[in-house]
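To keep things clear, I will list the structure first and then write my remarks on it.
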Amino acid sequence: MLTDLPAWAVAAVIALGGLSVAAGIAVFVVDSMARATFALLTSFLAVAGILVALQLPYLAFVTALMMTIEMALMAVFMIMFMMNPAGLMPMTMVHNARGSAVLGAGAFVLLTVGIWTMDWPTRNGAVPADSTRQLGEAIMGSHMLVMLVIGVALFATIIAGTVLATARGRYDRFGAELDAARPDDPVPGGLPR
Amino acid sequence: MTAELVLQIVLTVAAALVGVGVFGALSQQSIVMIMMGFELALNGVLLGGAAAWYFLAPQAPDAQMVVVVALVVMAVEMAMGFAATIAIYRARQVDMVDMATELQG
Amino acid sequence: MLLTVVIFLPLVAAGVLLAAPRLGGRAAIVLWVAASAVDLALVAWMWWRFDPGPSPAGVVGGPAYEVDLQWIPTVDAGYHIGVDGLSLPLLALTGVVFLACAVYSLRESHRPRSYAALFLFLQTASLGTFAALDLILFFVFFDLTIVGMYFVIAGWGHGNARRSALKFFLYTFVGSLALLVGFIGLFLGGEQRTFDMVALAADPPLANSPVAGGLVLVAIGLGLAVKTPLFPFHTWLPDAHTDAPAAGSAVLAGILLKLGTYGFVRIAMPILPDAWQRWAMVAVVAGVVSVLWGAFVALAQTDVKRMIAYTSVNHMGYVLLGLGAAGLVTPADDGARTIATVGAVYQMVSHGLLTGALFLLSGVLWSRGHTYTLDRWGGLARPAPVFAASLAVAAFGSLGLPGLSGFIAEFQVFTGALQAAPVATVLAVVGILVTAGLFLLALQRLLTGDTVVPLDEDGADRLSTRPEGGGTATATRPRTATVMRDLRGHELASIVPLLVLAVVLGLFPRVLLDVVEPAAAAVVQLVAR
Amino acid sequence: MSGTSTAGGAAVLAVLVGLPALAGVALLLTGRRADRIAGPLAVLTTTAAFALAAVAAGDRPQLSVPFLGVVPGGDLRLSVDGLSAVLVVLVAAVGLLTTVFAAADLPADAARARFFGYFLLFIAAMLTTVTAATMPVLLVAWELMGATSYALIGYRWQEPGRLSAGTTAFLTTRAADLGLYVAAGAALAGTGGLVLADLPAADGGWRDLAAAGLLVAALGKSAQLPLSAWLSGAMQGPSPVSALLHSATMVAAGGYLLLRVQPLLAATGWAAAAAAWAGALTALVLGAVAVAQRDLKQLLAASTAAQIGFVVLAAGVGAVSGGTAQLVAHAAVKAALFVAAGAWLTAYGTKQLAGLRGAARRHRGLGAAATVAALALAGVPPLSLWATKDEVLAGVDGAALRVVGLAAAVLSAVYAGRVLAVVLARPAGEEFFDEEERGTRRIPPASTGVAAVLAVFAAGLGVLAVPAVAEPLKALLGVVGESSPTVGELVLSGGLAAGALTGTVALLHRLPEVAGALERSPLAGWVGLGRLLSPRPAMALARVLATLDDRVLDRAVEGVGAAARRTAAAAARVDGSVVDGAVRATAEALRRAGAAARRPQTGLLHQYYAQAAAGLGVLLVLLLVVR
Amino acid sequence: MNEDQGAEALALLPELILLAGAVGGLLLGLWTPQRRQGRVRAVAVLACLGSAVAAATALPDPAMAVFEGTWTIDTTTGVVRITVALATAVAVLLASASVAGHPRETEAYVLMLLAALGTVALAAAGDLLLLVAAFLLASFPLYALAGFAKDARGTEAALKYYLMGAFSGVLLMLGVTALVLATGTTGYPTLAVALPGAAAPLAAVGVLGVLAGVAFKAGAVPVHFWVPDVTAGTTPAMAAFITTVPKLGAVAAAFRLLAEPFAAASVDASLLVAVLAAASMTLGNLAAFSQTEVLRLLAYSTVSQVGYLFMVVAVAARTELAVPALTIYLAGYAVTNIGAFAAVAAAPAARTISDWTAAVGRRPWLVVSLVVILLGLVGTPPTAVFVGKLAVFSAAWDGAMIWLVVLAAVNTVASLFYYLRWITAGAVGVSAAPPAAGDGAPAGPGPTVGVVQRTALLPTAVLHSAAVASLVLGIGAGLWLAVALPA
């Protein structure tokens, strides 16, 4: 069976794949966290490109968007917290590099051997005209509950993240009885009640 | 080129991303770098999901949903990771996992 | 219902004891005695009203005082209890021995409330095991006895009590798990998927699969053998006995060991008749080896309590010999096998009474001199004639003298087993000679010759732990010799009834045989299927 | 089984057995408070028993008490047949006489209640034994006899050695009793029941086993070879006990039992021969032992075994009537001699032959009785044992056996001669007195009376061999047709006995040092038979097993742990803290394994990752390989 | 369609009540003064109880799948719903002893409710993606709860927990992807049809990945490493919640996976789970063997308990005894485990066994309850876990895994070592050694008395209730099982 991907698309997939892997490797090779962040972003964007080639433009868009923002956040985060954010000094912060390499390579080899040796099933039916529509129907239909639970999970993440990350809460701002007229913030501003 | 060959190429890329991600997660000391390793591995998952949809089961939305869920996992894990990092940084001025070894045995 | 009351009355009493912290220690023990006495009276009433019936009673024939309630319906385990000729004597024995222990402990001063509660708990567990007609119920009570006894040894023992208690717990717990595994095998092996003993005995599981049946029997047999205990699973016994308090030892040897042998006759034989027949020779051999091993090792002991403990191994060996012989269907006829079985059951009761008395008597030694070492006592017949007489009676009973219950048991075991297993029986008979020798030697050393009593080590210990500053005057005080007082009232009241019962059962065996024989005949028939 | 079985008869039997037993138990329970009335009560009881025995002997009652319910013969069945009738009367009579003697002989401050308690119990047990018709009751009585003999031999437990002699006696007889247990089993297996009389009809091998068991039991009880030595120790008991034990009870019980089961022995063939040879050889060897003794009671003890040997021989060769006659006659003879020995011991404080020089002359009445009894023992015509012994020997077929029997008869004359030579000699001074205890120097009239009565019987029971008496006896015993001795045989044996007796007396008169030489020979030490009964091998075995038990079995549990430790300890670090004991090595091994199990928990996250990844990899391989 | 969805939403009433409790509690907390957050606790407890009641009402209904088969409601779900709700209620009460008055008290309860919701979702998931979503929901609140105290140990616990969770999440996603690649679908029913024909390597990676994720939630080997560290790092009350509640859902999820989609897969998932079970129980028991810290000891004990639970998972598809066994053991485990942690919480200052013994002092009832609970963990009759163990052993044997039964029996004996150490210390040591002689205790009688007084009231009550419940559940097994498992 010949693929219905045009040749350029196959070429693009291969090229982008190589790029994503290379960028991925770069994440752990470069000597600064900021650079690592951007290498990671590159990898994501390459994968998003492959998604486009695979006729998943919506998912590709979402991926690119989300990851760009996430990486931006990460960069900010690292500037806030991390030592050596911009690669001002060389760093290696690894342990057990050899063992990790063995395990990582092992995983890769194992998976690759599997991928290239097994018999792949044939595709069931054709690619639908509008993949985005299909996804939308799934989200609102067959997989609605999944999205609902994910929603609750996001809710939980927000609360959990807040609890873990912030030291100050409403009682710090408005007093134990919540009777302060204005919030007691170190830096004025923020939301009133 | 057959579809199967392309599928295998794409999956190999995904496997490589997973492998690199695993290596990163296992080898890095910095919490954030470990998280990056996982992101990379999830990147491979995401690619695998897309490949599954396009090459194998385009009629069902399940594989697309896998991609969506993978994205969500990436996002929330990152968020949670930041929170955890901040918490331990506040408590102990530590951002390396090797320095958090009070609990053992 | 009556049976349920009998079983749980001690537990309720235990609860009352724990729930009433204001109760004084002495009052707690008195309450214990009262509860045990009432329980015994109820058992006596049950015995009075018990009618073995014209047909063989046994498990299948329909036990008396039966209660059958659903418990875990998914696995068809139930609260199924009942009494037949096999369990009634043991229930009565339990009542008697526990009452004796209660009376014996009247002067217990170390945490008497908990002590009494534990024993009452143990009593419920023991009664429950004997009355259970459901494997799981049996196991539940069986396991609880381990727990209770563990605390008795660990909490009130002496010497290396905690180590011994742990060893006891671990060892017997291994056994109980093997038992549980075996029970599960029975459950899964049967057509009807039930834990009910009556149903299982009526329609034995695994009848057509000798390998599976054998394996299940091995599991069950292992569990029971550890508890019994049979050679080579007996090594927990001497330690546990040596370090347990006297009443604990009496219960351990008098009642808890019977759980194992009772399990054989109640579970292994009727429910796995095929496998029991097939492997009966193993039981016989295990029994004979236990007989000889226990007797000879007891002979070499220098510690009274260890010696008595090893004779338990010996005595339980006879039980297994009898039960094993009952499984050898081909070479022996029904009459002989029934006699062997009756003898085995009789031995359980007899051993309970006699060994209980022996352990309580050894407790008297401990309470006077804090040692069980044979060499440190002598000529006790002079200062303590009643003690000497009691010890002599118990010893002669234990060595199987006619006129005491042990003879009835051993005679029947030998007589019944000979046809089935002649060589084994002839070897086992030697056991009664060795036990005779060891008991007579012990009597000779303890009771006759010059009066020897140990130094009061307890007193010495008390001195040494006294703070150095104020104790100089007392520290130089010479060690005082123990005063060997004869049996005191509560000791007398606990030990003598046991011995009287042993004599009664030795002289008028029909009292017990009328109950046991039909049930034993039924078991023999069940095994012969 | 002849005779009627009425309720009245059963009651007689029950009281006959039960009265002494109950009286005995009552005395034992009452303890020292009953010391004063113990003697009279015992005499009263035995008198009643004697009367009842006479009634029972005439009435031939049966009595059955339910015991084991499953098989025929499981009951406690007593019945009086011909043999039993004779024995019952004998036992009751000897019991009565020895009780009277004991009442006279025992010091007033002794624990008489205990003594007579056991004494009566013992008599009851013997009465039961001789009336027993089923295995259970036989065994019960048999064992009780052993136990009470233990108590009686060890009566003076305060003195060192006494109780241990009792222990030896009990253990030896019990070792033999094991045969009875086996026989009971064999009876059940072979006949489906436990009735004694059914035994000859048992199936093949079981019959042999039963015969063997009974034989062993009887030989042990009767102190036949090779289980004779306990009898020597049994002399530690008070003299009345010896008188009772060695005449009509205990030692006689074995002989009685063999007579009782003679048909069984005959049916097996080999058992009869074995019994015959055991009896004959015992008569010979123990006769020789008796000759070499320096202690009167020891001499009498050995002679008892020897004389009972003739009874055993009788049972072996099928001379039941002769055996019975020998049993009865010997009872009278030996009781008389022991009463005399006991009375002398009490009076002079010694039982050494050297010390008893001229004893018979000091108190003439007792001396006369003893002399008559000794003469009877020697087999001098026309006294009892001469006739009965020949009655036994008349049944003997083989020449070898006959020669041995005759030789044994001669030996009995020799040892009787030794006794007579001493006690009839001119009295020496009192220098040898009070060697063993303080003597009273007086012989109670009761003792003399008892001895006299016994001596009369010892002399007169020879009539049992007179055909006019012997034939009814055979009829009574149901063995009509057993051969009787010819006149020639009687003359021969009588002559041999008389000759040997006079020869011995003369020899000892001329060469007193012969006695000393004999006393230094191995014979004096019971030819080392005691060593057979040594507990040492058993104790050694016991110690070995006990060591095994502690070192091997107990450690086996721990050994499992040790093996585990060796595998686990490769990398495990040493952890010194002790966790509560437990089965130590198991605990130790488990602790090490536990420490090893905790080592992955390093607290280092990347190591967690690596381990998890590696573990998952292994699992993946597992999944792929095992399908 | 709309009516259907209404009915389907109604079928999720227990979950909705939990969610409403969480959201409502959070909102209520916004307007609640710091010292009066007890009302949020009341809301949380009420929500739990309401959820339990709703679930119990729905229990007798026949099994069904709603939301296009992504959510299964059957006996397993029902039992997990009830158990989780009740366990959460108890955990909320237990936690209140340590978090009452804390500025984030409200959030703690809300997070517990959310985690409970996620746990139920795990158990009910009929779709791999829902499983992933439930995994997230059941995990994230716990990270925060683990580090709730925000002290050094707590944050380290949270961090380790999170990082192990992230790793497992990746594995889970990897597994899901592999299964999708193999079958093209994520729904359990369709997976069950397609997996037997799928390529083995993909199926292997998929099964392993998914089960690894579930095993992480359950705390099973080889992804159990977080358990001891998190348990020891956080407070006893939180540890009780973390080691009890999520496991219920995880085990149920594993059970459902093994019973349906993986039952006939081209790889032997059953064997895999059996190996996991064996490794978990063995490692947990061995590692607990010489622990002196009570929390770590209990942590390892939970690892071993998961091993026993996984036994029944391994035979999920092989015997009809599996469902009752799972039900009984889950309930028994929940009660007993919470009780054990309540015992620790009763003496919050005590970290080692001897501390604990000294702190409890002469309070016999407390010791009695502890003995009941610990013997319950051993599986001594007549406690609930005994009944569970019996059922589990039976099921495993019936499922042709006798070797596992034997191993479990051996492990039970091994577990006795460390439980007995604590039991003996509690029951015997107290009186055997004078209080001042305990090795960690400060000299002099004064401070010891202070420790005695520092036993907390509420956890003590929970301990007693758990002990009683353990016995009642065991003795009354017939009664409640008849309700839970109608024929």
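Letters A, B, C, D and E mark the chains as written, and numbering starts fresh at 1 in each.
Note that in this section a residue touches a chain if its C-beta (ideal position, glycine included) is under 8 Å from a C-beta of that chain, and two chains touch if they have at least 3 such contacts.
What you see is a predicted model; the values in this text were computed from it and never measured.
Enquirer: Starting at chain D, how many touching-chain steps does it take at least to reach chain E?
Expert: Minimum step count, chain D to chain E: 1.
Enquirer: Shared touching chains for chain A and chain B?
Expert: Joint contacts, listed by label: D, E.
Enquirer: What is the set of chains touching both chain C and chain D?
Expert: Chains that touch both chain C and chain D, as defined above, are E.
Enquirer: Just to be sure I understand: the centre of a chain is the mean of its C-alpha atoms, right? Then which chain's centre is nearest the mean of all of them?
Expert: C
Enquirer: Higher C-beta contact count, A-D or C-E?
Expert: So, comparing the two chain pairs, more contacts are at C-E.
Enquirer: List the centre-to-centre spacing of chain B and chain E in whole Å, with centres computed as mean CA coordinates.
Expert: It comes to 27 Å between the two C-alpha centres.
Enquirer: Go ahead and note the Å separation of the Cα centroids belonging to chain B and chain D.
Expert: Computed value for the inter-centroid distance: 94 Å.
Enquirer: Counting only Cα atoms for the centres, state how far chain A is from chain E in Å.
Expert: Taking the average C-alpha coordinate of chain A and of chain E, the gap between them is 31 Å.
Enquirer: Go ahead and note the Å separation of the Cα centroids belonging to chain B and chain C.
Expert: 65
Enquirer: Could you say which residues in chain B touch two or more other chains, in rising order?
Expert: As it turns out, chain B has residues touching two or more other chains at 11, 18, 21-22, 25-27, 29, 51, 56-57, 60, 62, 65, 69, 72, 76, 80, 83-85, 87, 90, 97-98, 100-105.
Enquirer: Could you list the positions in chain A whose residues touch two or more of the other chains?
Expert: 95-96, 99-100, 103, 107, 111, 120-121, 124, 142-143, 146, 150, 153, 157, 160-162, 164, 167
Enquirer: Show the residues in chain C shared as contacts by 2 or more other chains, in ascending order.
Expert: Residues 162, 166, 170 of chain C touch two or more partner chains.
Enquirer: Mind giving me all the chain pairs that touch?
Expert: Final set of chain pairs in contact is A-B, A-D, A-E, B-D, B-E, C-D, C-E, D-E.
Enquirer: Give every residue of chain E touching chain C within the complex, in rising order.
Expert: Within the complex, chain E contacts chain C at residues 321, 324, 328, 364-365, 368, 375, 380-382, 386-387, 390-391, 393-394, 397-398, 405-406, 409, 412-413, 416-417, 420, 424, 427-428, 431-432, 475, 477-478, 481-482, 485.
Enquirer: Where on chain A does chain B make contact in their complex?
Expert: Within the complex, chain A contacts chain B at residues 1-5, 7, 10, 13-14, 17-18, 20-21, 24-25, 27-28, 33, 36-37, 40, 43-44, 47, 50-51, 54-56, 59, 62-63, 66-67, 70, 73-74, 77-78, 81-83, 93-97, 99-101, 103-105, 107-109, 111-112, 115-116, 120-121, 123-128, 131, 134-135, 137-139, 142-143, 146, 150, 153-154, 157, 160-162, 164-165, 167.
Enquirer: Which of the residues in chain E end up touching chain B in this complex?
Expert: The contact residues of chain E facing chain B are 129, 132-133, 136, 140, 143-144, 147, 150-160, 162-163, 166-167, 169-170, 173-174, 176-178, 180-181, 183-187, 228-230, 232-233, 296.
Enquirer: Which residues of chain D touch chain C in the complex?
Expert: Residues 66-71, 74, 135-136, 139-141, 143-144, 147, 150, 157-158, 160, 163-164, 167, 170-171, 174-175, 178, 181-182, 184-189, 192, 194, 206, 209, 535, 538-539, 541-543, 545-546, 549, 553-554, 556-557, 580-583.
Enquirer: Spell out the residues on chain D that touch chain A in their complex, using ranges where they run on.
Expert: Interface residues on chain D, with respect to chain A: 606-607, 610, 613-614, 617, 620.
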